[in-house]
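In what follows, subunit A forms one complex with subunit B and a second complex with subunit C.
Take a look at the complex of A and B:
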């Protein structure tokens, strides 16, 4: 009996191994290569790469890098503000959409439109919207007698302007996940609450939110991860400027790694960001597990 | 009757003769037409003129040239990937002033005379502050080194100004910074027209490139003596402070309200839509000024060397493009690439280049009667400026320094930090970069 079990186990590993090896080759090896490169300084001479081991010097240099510091602060501000707003808006739009009797499909289609737009088109749309001379936003505020604003060129408004674009782009994603979560909730709990005379607010507070918590946590974790990787909106709208007001981590990595060709330092920065995002994921999932256990 | 029977001797003799004939034929074919080459290039405002000039070369020589066209940063990435491979995809690299040092130092381009010992740079071709040469021993770009490249586009900034507005206001062309400031203030009537529109945005090389003519024109510099390899930082000396104060004052008192977010395209747009009285812009934008499909100021824009402080020459920073032959391509393609360069440096080719809208690399064209034609009214300003053009970055880590300058200057333009803080901050960071890579460097006391 035990010999047969052992045979099964061996056979299982034999059959799984090609897939495991493929997965290792595709995901683990590139990360391992990135990690190894982060301890090197790479230069070029006579047409060949010259790699020298620098230990943890690349990591040690990160805190002193003004762009990395600015990028870290801005990324945290961006992620918290944008994802917070997207979660709140997405959730309430989903609740409202769930209560609409007629035209629900039409609303749903309209709400998810921005997520279908490619990043480069989003850049074009909002670059035009924010244009100082002929942008729609300045024309609208001009109707109220407000002077035109340099939304993307002023340090006070640039990051906020990029956050607004991200909210416009990603709220539909939160909306979709929340709507799917809401539609899968057991209706008998709501019926019981209504029989007990619960108001809409009480239903929301004591029924919907606790039951939706796992969905909200996963959505939040996923959105935070994506928000920490924001690049295209910044690249297309502001290029990290003015000054460092919209510098974000992905843009700093792009600059250090690709433009400045600092493979070792760029790799160290990338590894640091990967750890940061993984840390967030662990916290979010641990929190979800705790809440699910409590519920 | 002669026997027609095939003997072993006859077969061998026939095969030998056929082999010789085929060998001779192959040599004749190779002599008649060079191998096809691929040029990796960026999509810049002058690209269209280059494409037309390449078309002419193909027509005249019968040789095939493929163009691999990319955005600015994309071109650099493709060049890096190609030259670092075992065998390169691209034969001729069109290298910008911001990255050709990386190609020289890394050994990624073959010295031209190692491909063709008889190749000579035409004496009329501008060597652009010696940037076509590289002395690998001394690690400097000077005629003591080997010829590494041929200029493709000798780009420098010029002062573009509205001749019609000058005439209307009775102004004289500004040759000094004081005159420019006066004229810009007199013509500044926002929001209809701005006295000057500057390229203050942060980019790969945006506000820094816009600032160089001011810095050099006031007698300042980033480094003490780059020609001798002394990279002591002097960006924050008195001249640097005067230059940045002036640049910011001009933006504030006679410039565009969103200077901090204006990049090259927006600056050109302001000029061609008639909203700018002056811009300091790379010369290659000239053709857009007189294009009736794009410009509302056709025949109204005049050109002059960038202004300077009294007693000093103009200081246009080179934003030029050089063509170098990749080190890792087959010999026949290297020879074909040199064939193209030989043709490209001739006066006839450069005359065609100018007529196609390009910027000639040969002084012979600027001396030609063509330079007196109204459409080429920028040529005298080029002739006056080119001898003073400054090859700004002569080391492979220039991208790091440019990034520091672009961020620091942009923060000052945006009002995030003061000019003093910007200069001291940039000087400190650049010093750290140069020290990190082992260059001879030092710094000035902070102001």
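Take a look at the complex of A and C:
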């Protein structure tokens, strides 16, 4: 027996160490690097990086950065509006789909499609859809006698248009999780409710919703996480514009770090966003001890 | 039975909203630029855009496609091996609780970080070890990005492997590699399929990191499509054609592996 225990002790290291090494080398190390860089001012001279220590100056500059502020506000608005709409729509589509017998698989197949399409392609699709001159959206509203709009080009509609794209992209995901949750609910509760003469609405309110609560919170937590990382669609659709009306945090980081090549400041911004996200995580975990999501 | 007519009407409406943009973009790929600009409803389809995107000497799309396939397959394979071993180790090897929770907690934090925040550090790291602008650097990045998801997913399946079965194999004298290959692997195969499909799709779709870790020769499909949209004069119909080509793998997987996609996406949430 003791030989096998010794064997186990070796094998548990052998089996975990690839993941441990990958995480250390590609997540802990880069983050440490990022953290260190956030206290530096990095300039380039003759192809070499010139670093000088600036303390917390990079962090101190963040609150006054108009792009960072706009990014923060827009990301929160974007996440709350898009995810809220997706949860409601996804839940009701799942309830509808759960009621129909025939065709359920066909609906599910169609609804899964947007989840699998690359974000950048979704951006490309909707850039054409929103096009002022020939986009399908303007053709459709034109039928209703509405003048064509520059959906992505005017500050009033740009963020809303991006939110609509995200709703198109991710409602199917909420739908899928809700449908799986519904299908796993015990059927006898519904039979009991029916025997007691519950209407469809009462059944939804007093049986389905409470039983679905764990699934709904997990879906919500997961969607919020992803919504805070939004980048691809914004990159392609608006590039943060017009002005700062669709500037989101990921895009601000990209702009400062890669376009303007301000490594120190970009790193400070990244670290700030990471702390913000971790704060969200703590709030989420406090509300639900076991946040288990795939993806 | 309740009437389901209204449900069907609403569901068909939703399905149409999902389908129309995709169908419209595929159709745009078969149009001439003029036909699209004129907003013609009826048009005679042409193959020019696809020919231009695939075979023109100025287009790298086939190369981009190959790069995406290589990165998708390689990063998925790497990720699955590492994740399955780690999941089994964490749930079945009697690690102290703090190790298990610490590891999974860190994976969750890592999963929440916007990839763009790490892209700069990854780029520096890749350059410093001589992997700058190589496909290998992107393979590693994608493998590690998909690692948290794969470890959770494989964890769900590993925990479903009956302990008695593992103990029985041990008593029969199976060593750890034999146990893994003969007992654990066959039982977690459905989980592996689900994790494989998802991690391939996510790698295929990933843009922010690919944009910053690649150059012209190593660019993946999303990077190439983004380039289309940024040209001074956007070639709309070619962009549409390449978008249509880029969703082909997703369509194929949707038809042949839907079971695994659904299981992979929902497994963690309702357990």
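The rule is simple: the second predicted complex is superposed on the first by the 264 of 295 C-alpha atoms of A that agree within 3 Å, B and C clash if a C-alpha of one lies under 4 Å from a C-alpha of the other, contacts with A are read in each partner's own complex, and residues count from 1 in each chain.
One rule holds for everything that comes next: a residue touches a chain if its C-beta (ideal position, glycine included) is under 8 Å from a C-beta of that chain, and two chains touch if they have at least 3 such contacts.
The structure displayed is predicted, hence computed values, not measured ones.
Q: Would you sort A:277 into first (subunit B), second (subunit C), both or neither based on which partner it touches?
A: In the superposition, A:277 contacts subunit C only.
Q: Who contacts more of subunit A, subunit B or subunit C?
A: With both complexes superposed on chain A, more residues of subunit A are touched by C.
Q: Touch check for A:19: first (subunit B), second (subunit C), both, or neither?
A: Touch status of A:19: second partner only.
Q: Of the partners subunit B and subunit C, which touch A:33 in the superposed model: first, second, both, neither?
A: Once the two structures are laid over each other on A, A:33 reaches subunit C alone.
Q: Looking at A:241, would you say it contacts subunit B, subunit C, both, or neither? Reply first, second, both or neither.
A: first
Q: One more residue to check, A:220. First (subunit B), second (subunit C), both or neither?
A: Neither partner.
Q: Could you look at A:45 and tell me whether it touches subunit B, subunit C, both or neither (first, second, both, neither)?
A: first
Q: Touch check for A:259: first (subunit B), second (subunit C), both, or neither?
A: In the superposition, A:259 touches subunit B alone.
Q: So which positions on subunit A get touched by both subunit B and subunit C?
A: Touching subunit B and subunit C on subunit A: residues 258.
Q: Can you tell me which positions in subunit A touch subunit B when the two form their complex?
A: Touch residues, subunit A against subunit B: 44-49, 66-67, 132, 150, 152-155, 238-245, 255, 258-262.
Q: Please give the residue numbers of subunit A that touch subunit C in the complex, ascending.
A: Residues 4, 7-8, 11-12, 14-16, 18-20, 22-23, 26-31, 33-34, 37, 93, 96-97, 99-101, 103, 107-121, 123-129, 131, 133-134, 136, 139, 168, 172-173, 176-177, 180-181, 184, 200, 214-215, 218-219, 222, 225, 228-229, 231-232, 235-236, 249-250, 253-254, 257-258, 263, 266-267, 270, 273-274, 277-278, 280-281, 291-295.
Q: List the residues on subunit B that touch subunit A in their complex, please.
A: Listed in rising order, the residues are 73, 76-77, 80, 83-84, 102, 105-108, 201-204, 257-258, 260-262, 327-328, 396-397, 399-400, 403, 407, 410-411, 413-417, 429.
Q: Can you list the subunit C residues touching subunit A in their complex?
A: For this pair, the touching residues of subunit C are 2, 4, 7-8, 10-11, 14-15, 17-22, 24-25, 28, 36-39, 81-83, 85-86, 88-90, 93-95, 103, 106-122, 124-125, 140-141, 143-144, 147, 149, 151-153, 156, 170, 175-176, 198, 201-202, 204-205, 207-208, 212, 221-222, 225-226, 228-229, 236, 239-240, 243, 246-247, 250-251, 253-255, 258, 261-262, 264-271.
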